[in-house]
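Some structures are shown below for you to check.
Shared between the two complexes below is chain A, which pairs with chain B and chain C, respectively.
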Partner chain A sequence: MHTSFLAHAKGRYFWLAALLMVGSIVIYAMDNPTEAPNGGTWLGYALGTIGALLIVWLAYLGRRKRNFTHGWGTVKGWVSAHVYLGSSLLVVATLHTGFQFDWNVHTFTFVLMCLVIFSGLFGVFAYRTYPSARNDLKKNQTLDDIFLKVEKIDSELARLTADSSSDTKMVVSSAIERTVIGGGYRDQLFGRDHSSVVVDGNVVSNKGQQQALEFLVEKLSRTEGKENQSVGEVVRTFNTRKQLLDIIREDIRMQSTAQVWLLFHIPVTFALIAALIAHIFSVFVYR
Partner chain B sequence: MIDNIYDIAVIGAGPGGLSAAAHAAELGVSHVLLESSPKIANTIQKYQKGKHVMAEPGILPLRSPIEFDAGKREAILEGWEQGIAHHNTNVRYSAEVSKIGGEKGAFTIGLVNGESVTAKHLILGIGMQGNPRQLGVAGDQASFVQYQLDDPGEYKDEVIVVVGAGDAAIENALALAPNNKVYIVNRKDEFARAKEGNLNLIMAAIESGEVECFFGTTPARIDSPTDDQHKGVFVLNTSTGEATVSVHRIIGRLGAIAPRGLVESFGIEFPNDDPNAIPALSSQYESNVPGMYVIGALGGYPLIKQAMNQGYEVVEYVLGNKVKPADHNLIAAKFLPLPFDLEVDQVLEMMQQRIPVFEHVNALQFRELMLDSDVHVVKKGRVIFSKHDYDNSFYTIFEGNVEIEVSEDIRIRSGVGNFFGEMSLISGRRRSATVIAGDECIVIETPRRTMNKLIASVDAVKRVLDQTFIVRTIQQKFAPETPIEDLMSIAEKTQINQYAPGEVIFSQGDVGDSLHFIRNGSVTVSGDLDGKEVVMSYVPANQTVGEMALLGNTTRGATVKATVKTETLSLDVESFQMLLARAPGLKERMQQVAETRSRQNIDSQFYAEEEGDLLSFLMGQGLGEATDVLLIDEGLCVACDFCEQACAATHDGTSRLNRKAGPTFAHIHVPTSCRHCEDPSCMKDCPPDAIQRGGAGGEVFIGDNCIGCGNCEQNCPYDVIQMSYETEAPSSYWKWMLFGFGEKPGKASSAGVVGENAIKKAVKCDMCMDQSGGPACVRACPTGAAARMSPEDFVDLVSVMH
Partner chain C sequence: MKLTVRYIQSKGATREVNEVVFDGDRATIGRGTDQTIQIPDRRTPLAHSWLLVRGKNLELQAGNSQSFTINNQTSRRVEMNPGDVVDILGHEFRVLSAEGDSEYLIEVEIKVSDVDPLRDRFKTRLSQLNFPVRSLSWVLFWLIVSVSILIPSFGFLAGMDFMRAAPVPDDRQWLAGKLHTTHAFLSNNCESCHAIPFVPARDEECLNCHLSVRHHYDTKSLGAHRDYQIASDCQGCHREHNGAQAIVRSDQALCSSCHSNLADVGLDTGKLRNTADFLEEHPSFMVSFLEMQPDETWQMQRMEIWDDDLAEVSNLKFPHDVHMSEDGIDGVDRVVVLECTSCHVSEKGGLQFRPVTMEKHCASCHLLTFDPETPDRVVPHGAPLELIRQLEGYYAYQFLQQQNLGAAAQQRTEPQKVELPGGQREARRPGRRRNRQMITDLMPAQSAGETLTLKAKTFVEQSVKEAATNLFERQTCTICHEISPQEGEVPWKILPVRLTEDWFPMAEFSHDSHINMGCVGCHEADTSTEATDVLMPDIGSCRTCHGGEHAEERLQSTCISCHKFHIDAQGPMGALLLIDEEGNLIDTEGNYVDERGNIIDEEGKLIDTEGNYVDERGNIIDAEGYLIDTDGNYVDERGNIIDEEGDLIDADGNYVDELGNIIGEGDNLIDEEGNLIDEMGNLREPADIR
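And then the complex of A and B:
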């Protein structure tokens, strides 16, 4: 039976995190320090220590998840704890600040931490929704399967257009040759399509295979009899190809989105740790 | 042409024949060695270049005038050539034997080329591999006609015709198609015999024009070429007349002719029609034809070293010398713990006399069995095995007795000559009872594979085991308090039924006239839901189906189908009534089980269709015979591949899991990974018996004594076994993390092969039996997508997903 990392051990870490958050809020509310609440009161130090330890432990997931031979517990359990306790850190750290914000390394550390947490929350959203969405999009097939299907259709189209008029042949073969899938980060993330096609001797954009399809549809309405039939088949096959390419592009978009947050989350974590060291150092040396 | 009368004629220059002929030569006995092919050791010649040949069994000493040691194929063949030359062995090549007549003292051996040879004694060492069936048309001896394809990449831009419609022909055609113009000639109108995967691929290739197929076509002849580009013209008889193809190459994949027909024509008898059956032989390797001896694979000894030893021994026996067989010391060592002092042969005889199941086994087979077995003198009160243990060897009681704990308060005593442990032998499942040693207990433990081989070749053994199994099953499952004698009449009327995968055992609406106890295999129970057949549940071996009808309903409430090859015991209405009369409390117990099942069906009815579809899909993937399978929930999988990386990292760098490969249905993905089948196909033919089932989780694992023969890889229907060189686990994490040294965790180190003479060994999932914490794939999955389960849990997959 499959239980997700959010439901792991009947939500044990959710309750733990909730306890931590509620506990911190209650104690903070009950606390009445002589100065305004800040990171330097006993509660401030306590929350700060908890927060710092949490940050180090949270970062350690990067090591634990690669410890295939002798890690403690399961990675799913660690991820569950990571996600819930990481979220609770938002409350713990905010209370630690006592809402004292300014243009200094302390608030900078806090902001970095928030960025890490928010990107992580996006990660949770991505990990819980994208796999299903992608699987449904591809109807239980792999991306490789779909690429193979496109390859087969390409050969099929070559066969179908072998006896077609030269302009049809040109459009179909150039559309196939000039199909662009994927690209750089932004291309993938925004699902951009730089495909092009040669129509009437000119290279034009074939985004979504639209131009080529339009040419073929027009051709269809201008032919009759046997030629019409064969163009009809080409149109249908080409349309199937277009739909498959749309699926590929959308899948790549989701895949890159589900990966890009991590490319942000990790480096910012290291920046956070560096800032955290500076923050703690400065607090004790320049106190 | 008249030849001398040789004392000994040896047929077949394999390891057995070479050894026999060389020994005869060194003793100065007149002999001839007849070999059908132009070189020695045909089967080993066909091994691929550089293949490492092992010398199993390691403990058996070699007694032969020619050398043999583990090593590369080329070295071994060269050693044999030198050996037979050194002893001046009289070998005749290209001397295929077509018939044998005459009798001991004067056998006439007719050769295919028309010559004949006469000998007083005959030794057959022709093996079981068979010869490839030839095209059988004029011109088929041409050099460009071949029956094997070692390396498809070797040929480019050729016109090649593949003749045949089986898996080999299809695979060859598909492999050659990318670089050549390939035709395939199929005698029939469809590829009926091919595996489904191959069938799909070839039909797709034909449809796309990659491969051209001549259906309903047979070869007519091969003519000389009409131009100097091609090697010849292949003339074919198609359904519409003759067709010709100018070719560079013709590959015939028409199967092999096993030598059984030939051997039977010599007068040798086989005990039954089973293709694996071996002829009955005396302890001196003599067959039912006096003066005709059989050694090597044909006699049931497929290993090279055994065949060579037998070659030596058989010549000694022919000459009337009594030699102690090569295994004598080994068996004597096994008998050391016995409390009496007798000769090895005497002890073996005593064993066969005392133990009815071994009574009808011939002395040679029994020795062979003893080599694989162990004799245990067990102290009273010691547990021999416990209920739910995963081992599956077979035990016979040589002396004393044992107590079988069928349930908490019921112990059955069993004495000399009886056997136990056969339930796991037959059904492949865990031990069904605990067995404790009684007074003066001495037992013989025989491994499952050895027993199965025996059961396949000796009918009497199968009968005894079947009969005992039936009556014991009835007692254990239905009437544990009833003495066995009272159940004998019911047992006699019990039938054993065999079902192929997918075969219907009974259909919904049929008259309910029997119940079935599933002996091995498993079944699905499906019902009609608004006109559609929906699978409702899965029932494994050691359970009963069909009893609801006998309890009162009269018509079948569901359809029961076998998922894999299944065997059942069935009891008809009359026998069942008799049983109910003799077994107090049985009716109530069965009614309770029926009630629980009905309740389960009602609970799951809402999801029945979805569940049923998913169950059908999983069964279709062969998961009916799995005991522990990795399933990936595609709704949770983020394709991080940690499961594969973890598998590699915990197994010296080679992953045994292929996550991407495999089909998906309703979000459940079945990756390519071992399922630890109940009755593992991989175990079936492992020469060193390296594949075992054991440990706490019942995992099927490949031991260190694997010799790399590749049988398991071929036999596995799910392609989960791969042959791989040993790899090294990746280096330190922190070195990689901080300094970029080495490979990242989970990747095989590029140090690669360990050692110069390294061979590829079989590897597959072993459920991380050596790791604490269990399967690494599940432990490494960050989202919970990877989970391992057994088929009994499948029904919960859908309802939980909601």
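And then the complex of A and C:
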């Protein structure tokens, strides 16, 4: 029975993180330091140590997840802990600062940490919504299934247009040949469609197969009788093809969005670790 | 260009022919979907070549590093004529004679051998784009480590100020919170406090500037290296890098950690009572006042303020109530209404009051006149003998005057007759005695020299005695001063007067911050009849408004609202006491020292911490005057070692003479430039050498 990583082990890590956050807030509120609150009071040092250890452990998920079966617990459990304890860092680290911020390497570390956490929170959102959304979109088919369906329709269309007029044939075949799926970062993330089609000797944009469809529909309106029927079938089949392509494009968009935040989250984590080392080094070199 | 393209596509047995007319400047050829003639073959580049019209002919041009074969010859640019066959990566382009409206006709045969599955032709996964996550991560990591650790740390070798001046990352990025405004000028100078890496800022660094800061108690008698319970160094109480927040701790706990029970912490000297909170647990005030000792020195005494025996015996008589009468008091020529501030003027800051003096505050009414005849003549407010001498001079002069004036003086000495209804009455100026001897009675008609002198002397003696007795015993001095009889030329002794100025020396109270309150609210002067009354308020007066640190319905006051931690009377915290105006360094015991801490005695000799005489370089001077360096070698003034045979050896190990010249082989002398010289320092020719 699948449980979400957020509900793993009855939300054990949610409670752990909540305890950590509430505990930190309560102790911070009750503490009455003789100087202004900052990272150098006893509480500041305690929160800082907890935060630093947490950051290192959180980064370790990158290694743990590569050995799916080996290691303590399950990867899903690790992810659950990672997400909740990582979020609790926002409270722990902010209290550690004593709300003192300035233009220095210390606040720089804090900002990097916030960027990592916020990008991670986006990842939580992505992992919670996109898998089921993609499933609903493809209605329990795989992407490969849909691609195969498209290929089948392509040959079906070739057959259907064998006896059509040359312009229809040109439009349909060029639409098929010049269909573009996916592409670079922005193409995938924004679901862009660079498909084109040759109409009246010109190569024009066929975004969403729109231009080709318009041509065919307009052709349909001008035909009658038997020709009308055959063009009609072409139109219907072509429309099915368009819908399948839309599904593919949307799936690619969701899949890439669900991955792109990691391309930010991980490098910034390493930047954070470097800044963390600099932060700890500098507060000890000038004690 | 109007170009007809005839596509021929064979798929197995079928053969498809499609014709398209292209009208435009340039027809592109390639795999890309934006190409005019699309060749859907994976091996074909996205954009391979293009067709255009040059002159009247069709020209085929290949793109960069592309080529084709025409009629089996490789080419990159060629004019195409009907009958030419171009091969682009196995696909044939045949140029035929134009047909119909078009100017040109090309037959394109795409030889499709293998069609990739639709999916594989495209990048449908973000992971296929191979974002360099790993390299970017390490680049960022090492970039930040360099910029924030490695490069600034180079300053520990090259000097941090060098790094700060250079356009490279320096240690200023490590500033963990702004400095307090008083230290802000040190923001670009971390080493002024953080002298040694990884070592907390030491007391030495603080004391470099804060030379005169004092201890809180007598560390000599209560333990030389005793830590203060709350902290063991400056940093324990004074925390920086919190911006404008005060560096000085003001919380009560700082003090009450010891003072709530001094015995518990072993610091009970019996002089202080325990205290913790101003409202809840602070003893009533004790005042310090001056008391004259039998030898007429004044000593500070302390007594509880509520003690009935408390009295300030200042040897002055002064009733406040008389002087503070609301209707005023009689001045010299008019009624004067006195305020507190008529006599009590505070110093700037309101911590002390300017001394009340006779000359400034009393003399305007209390004139020291002694002769009604001359009301503008006053005696000096000073030593009685001085006063007597002045009187003697005065009356001597008077005698001389009356000698001269004779009758005129006689007239003046007769009583004035005032015309009054009902008869004459002898009016008398106050202060003159009826049976005063007339000068003229004393003087016979003749004036013999000796008799005159005697008469003068008698006159002066008597007048002075009369006037002085008046002043001291009846009218003037005795009004304010305590006078006791004594033997000697001056039979009156004025007891010394000292007014206590600082009643609460252990606390600082500013009248300025209480300026809106009336004086008599705390000081019951208006009802005080005697000068011995002590008019200081007790703690209840303060508690009307002030409470402890957490008081709810009073002003929240902590210990340092009134008291100081670093007490001026205690010993200095630093080794150096101070630097005097001439720049001499003085240590804790008042000795002059040099920068190394060697004491400079009266003869100017240096004595190190172990008591040895040393020279400026630190070499010990032994009893016979020989110098011994730190390694134990005998040395001369220049630092050359003297070996057992008495030869001098310099730092490089060469034998040298007293002038520092190196002694070469055969006892030849060599100067600094390597020239041979004789004992006199003259250059020698090599031929002169034995």
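Quick note on the criterion: the second predicted complex is superposed on the first by the 285 of 287 C-alpha atoms of A that agree within 3 Å, B and C clash if a C-alpha of one lies under 4 Å from a C-alpha of the other, contacts with A are read in each partner's own complex, and residues count from 1 in each chain.
Quick note on the criterion: a contact is a pair of C-beta atoms (placed from the backbone, for glycine too) under 8 Å apart; a residue touches a chain by one contact, two chains touch by 3 or more.
These numbers come from a predicted model, not from an experiment.
Chain B and chain C, once both complexes are superposed via chain A, fit side by side.
Touch criterion met: A:40 reaches chain C, while chain B stays clear of it.
Looking at the shared chain after the overlay, A:10 reaches neither chain B nor chain C.
Applying the stated contact rule after C-alpha superposition, one finds that A:150 touches chain C and leaves chain B untouched.
When the shared chain is aligned, chain B comes close enough to touch A:68, but chain C does not. Touch criterion met: A:106 reaches chain C, while chain B stays clear of it. In the superposed model, A:132 makes contact with chain B only, not with chain C.
Shared-chain residue A:277: touches chain C; no touch with chain B. Put simply, more of the residues of chain A are touched by C, taking chain B and chain C as the two choices. Annotation: superposed on chain A, chain B and chain C show a minimal Cα-Cα gap of 8 Å.
The contact surfaces that chain B and chain C form on chain A in the two complexes overlap at residues 144, 255.
Chain A meets chain C in the complex at residues 34-36, 38-40, 100, 102, 104-106, 108, 143-144, 147, 150-151, 154, 166, 169-170, 173-174, 177-185, 188, 194-196, 198, 201-203, 248, 252, 255-256, 259-260, 262-263, 266-271, 273-275, 277-278, 281-287. By the touch rule above, chain A contacts chain B in their complex via residues 1-5, 7-8, 63, 65-69, 71, 74-76, 78-79, 127, 130-132, 135, 140-142, 144, 152, 155-156, 159, 255, 258. Of all the residues in chain C, the ones that touch chain A in their complex are 18-24, 33-36, 38, 40, 117-119, 121-127, 129, 131, 133, 136-138, 140-145, 148-149, 153, 171, 173-178, 190, 194, 197-201, 237, 239, 241-243, 245, 249, 251, 253-254.
Partner chain A is touched in their complex by these residues of chain B: 208-209, 631, 633-639, 642, 645-646, 649-650, 660, 663-667, 733, 737, 744-746, 771, 776, 778-785, 787, 789, 793, 796-797, 800-801.
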